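In what follows, chain A forms one complex with chain B and a second complex with chain C.
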Partner chain A sequence: MDTSIIIKAALILGGTGLVLGALLAVASKIFYVEVDPKVELIREALPGANCGACGYPGCDGLAEVIAKGEAPPSACVAGGAEIAKQIAAILGIEVKEEKVAKKALVRCGGGKNEVAHRYIYDGELDCEMAQQIGKGPSLCSYGCLGFGSCAAACPFGAIVMGEDGLPNIDWHKCRSCGVCVEVCPRGIITLVPEDKKVHVLCCSQDKGKDVRSICKKGCIGCKACEKICEFDAIHVVDNLASIDNDKCTQCKKCVEKCPTGCISVLLKGHHSVEEVAGTV
Partner chain B sequence: MQRLFLIFLAAFLINNILLIKFIGLCPFLGVSSRFDTSIGMSMAVIFVMTLASMACWGVWNLLLDPLGVGDFLYIPAFILVIAALVQFIEMVIKKVSPTLFKALGIFLPLITTNCAVLAAATESVKPGFWKLSLEYNYGLGEALVYTIGIALGFSMVIIMFAAMRERIEIAPIPHSLKGIPIAFIAAGLSSLAFLGFKGLFGI
Partner chain C sequence: MKKELGKKPIEEASLPDEIVIPLSQNLGSPCKPLVEIKQRVLVGQKIGDSDGFVSAPVHSSVSGEVVAIEPRLSFSGDKVLSVIIAPDGNQETSSFSGFSESEAKDADKVRVAIREAGIVGLGGAAFPSHVKLSPPKDKPITDVIVNGCECEPYIAGDHRNILENAEIIIDGLKIIMRVLGAERGYIAIETNKIDAIHHMNNLVSSEGNMRVVPLSVKYPQGAEKQLIQVILDKEVPSGGIPCEVSALVHNVGTTIAISKAVREGKPLFERVLSVAGPGIKESKNLKVKIGTPVNHLIEECGGFKGEPGKVILGGPMTGFALFDLSVPIVKGTSGVVVFPREMTIASNPRACIRCGRCVQVCPVRIMPNFIGQYIEVGMIDRAEDADVMDCIECGLCGYVCPAQRPLIQLIRHAKAKIIADRKKGGS
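Up next is the complex of A and B:
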């Protein structure tokens, strides 16, 4: 058997490998691109969910921009004050203002038990798609559809669909990136300041009579809350009460007065923050 | 000149690498869901395939063939050369042109070990595997034209397919066919359409 060809093959392949390896090693020295070490540090401090709420292409994109000084250390919406502080420490500067963190809130109390459906939706479990079929199966054309698009979209896993058919948002995990706000086809999720606990949990602009006929928990626009509020913080506009967060002092009188119970104090048994109430 | 044109046509349409030979299916289905990524991938493939084939042509004609080990050593040798070449190109581009690196960046490592690139390189030095009924030498010019034909054929199909898939995305199709299944059906139909080129100019 001719063994010389095996040796030849091994030598050729080995030799080629060695030469190419050496060339690559030399090339990596010659063509080395220096990376700002701050970029990597900032990148590590960021949450890394690539939610895009900052407006830059992912966390890598934001880290580069912050390192260049084109964006403030607090540019990460999802990170909040703590991460802003960390990044400021890396850059050696101070964070100027401390913002009150915002959290996502589902402004609807009409779950499976409260609102009936007009037809049986048998398609994909996606709110946007359900909304396209005759404006959604739910009788209420403003409230939560309950197919969990927000839960699927949340990059932090903070939203879980509850048994009542409404999304449960865990405020400990919520980083106010706003992804769910954009995903919801009915626009019922908003970001609210974390320290404000009294909210109207309804978006329906239907007349009171219509609301009553389809939902037990909807706002009927009766103005009882507007009358009882001592601080001029609640106004009924388009058949829907809205609370001015700047004027509201959290006295909770409106909560007691509301006949349908659509004004709720969060942390006290409301569906979207039940989890939070348990863990606080 | 006519020969070169026929070689190009054979590689570009008649023996299209994706739809007739079914080589390189993973980028075909993986990167063709969005139009802009498919364009990025196409550019990277044209770039890498041409350079890789040229390098492999050199390795074959200067090293493997004269030493008489080409017949059984060409695949490992070509893989080695292509992988090293792509790494090298990536480094050079990163240093020389950050803009180009941003455009091609994520696609370059993806096609380091792509079978379509290896197939193009192999075929441009060892014709016969695909049985072009064309007399076709091992000349550098022919190999170059041939590779560019394959790369452009790849790009044309993947871009065309991405455009189709973007439309299919919003089309009312049965739920069970959404995504990859309908893509396979579309690929099969496109492939049938490309069979129609067979016999063009007697190739």
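Up next is the complex of A and C:
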């Protein structure tokens, strides 16, 4: 076999490689795009989940606007105070306000054992799609459907479907991005201040009698909590108790009074975050 | 099954103990109640109306006393504000009068009469008829099609209507054509109703501008756009409505209601429907008062045969499966179809095997296989690019799918999302 063919081929390929490499090197100098090195640093500091809670197109988008000064260092909702500090340090400025972090809360206590289904649902396991078929198989038209769309959507893996058919949100992992709030077709997930632990775990605006007939843990609008509250923090509107978090002092009197147990202290309650995290 | 039911004459259904008339039976803004609790109402009395253009009033179907006005479960699973009437059995009628021959020529008057009679499309979609009869000025209608295809399996209400009320259908078609200034009228009937075709042919032969079009038996031939394509050889553009190709389609039941509203002033308070299927003791074609609960009709037909598995309001392909049989019959209900437990299988969806059967059967020529996969992974925008909005939800793709994929559910989900997005963008 003629070795010259191999040598020729090697030379041609190698030569072409060298010429093109040189061209690329020159082009990269000529067409160099100035990038603020801060963008790269900020991008690394951000959580990188691309949850979109900030309103910008992903973490890259947010990093750019923060570097330009168009958004404050605390613009990352999911990051919280810790990441805001890091970003501020990169920018060489200080974070002004320190907000209490918010966490997602599922306002429903009616799991598999409490609420029956009114028909056999035999479709896609997705809450929104189930909701489209006769407004969902759950007898309660307000409560959790239990197909776990929130768990599937959570960019931080903070939501796990419990054995009771309700989502458990791990507050250690929750970054309050609000993706689950958006995704829930029944709108039962809200963001609440992290330091407030007393909540009404029900969304049903049905009359007390109707709630009783379908769910053991629902709010029946009896107003017992409203009467016992010394701080005017809890009111029954549309057959549903709601707590004003600004006025609530966490005295827990309503929790003791509630006949159905739908007002819960998150420490001991049904959705206990600590339980999931393994601290209780 | 369908053929045998087509031989059974329409029977008058008995009055139930309670009539539930939802105040929202069609698209558009819901009606406001015009009656009070304990008030006595007569047959045909208007009990709810709305100011919206795309809406139709509702009328009492019985004489009796209003016992409650409260939200009641409707077939869609929603609780809809409804007027509940306890019939007294006398069926005392409120006085209504029709138009004279000269008045019936005034198109605007006829449109008002049709709206006041609360007429909506009786084929299933329940779209207010007076809106259909008011096309934009720059798009005149030249061809009117009366839809007697009834391509859904099991049901035969339209078939009986053609056999028993053919003269009224022809009169209704004449009224519609006059209102619109249309030149040609067609009565479309599938060839599995050969007796209806012959009967109609005999009556129509004297009319110069009308003809009966026999069509081969093929689902979903009775869908508006498909019918226009097969009869007029014109394709309604994507996202468009039939008036863009100068055509209009009305169901036979609607045509009868229009004729009765104009000639007699009779509002739409009863309709013909089939209670059918392998899960019912005796299938029947019934003339039913709007607001009759489904379970009353099932009793009327001798009850269930065996253990019921599925009760569907409408045809089996496009209807709604019910979970509560107390829901009332509404204007858009074309049938009640019952399947026994052994005929309803739990679906076991698997991955798409790319056989392409759904693509072959799709009447609007979209690709449900790809669209389904896009939606499954949340790529709604890709589904929109693949023309998911053209889907008429006939259900064929899911029916033929050997992997039992819930294609229609996925497509409906995507359509709802896209419509919601467009609304958000528009406001």
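The criterion applied here is as follows: the second predicted complex is superposed on the first by the 263 of 280 C-alpha atoms of A that agree within 3 Å, B and C clash if a C-alpha of one lies under 4 Å from a C-alpha of the other, contacts with A are read in each partner's own complex, and residues count from 1 in each chain.
The working rule: contacts are C-beta pairs under 8 Å (C-beta built on N, C-alpha and C of every residue); 3 or more make two chains touch, one makes a residue touch a chain.
This structure is a prediction, so every number in the text was calculated from the model and none was measured.
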Is the arrangement of chain B and chain C around the shared chain A a clash or a fit after superposition? clash
May I ask you to name which of chain B and chain C touches more residues of chain A? B
Figure out whether A:33 sits in contact with chain B (first) or chain C (second), or with both, or with neither. first
Quick one: classify A:16 as touching chain B (first), chain C (second), both or neither. first
Name the contact category of A:237: first (chain B only), second (chain C only), both, or neither. neither
Determine, under the contact definition given at the top, whether A:136 touches first (chain B), second (chain C), both, or neither. second
Touching A:8, do we find chain B (first), chain C (second), both, or neither? first
If we overlay the two complexes on their shared chain A, which of chain B and chain C does A:123 touch? Say first, second, both or neither. both
Pick one for A:25: touches chain B only (first), chain C only (second), both, or neither. neither
Can you tell which stretch of chain C bumps into chain B once we superpose, 58-66, 112-120 or 364-372? 364-372
Across the two complexes, find the residues of chain A that touch chain B and also touch chain C. 123-124
If we count contacts the way the header does, which residues on chain C are in touch with chain A in the complex? 76-79, 320-321, 323-324, 346-347, 349, 376, 406, 409-410, 412-413, 416
Residue numbers of chain A touching chain B in their complex, please. 5, 8-9, 12-13, 16-17, 20-21, 23-24, 27-28, 30-33, 123-124
Spell out the part of chain A that touches chain C in their complex, as residue ranges. 118-120, 122-124, 126, 128-129, 132-136, 141
List of chain B residues in touch with chain A within their complex: 59, 63-64, 67-69, 72-73, 76-77, 80-81, 84, 87-88, 91-92, 94-96, 175
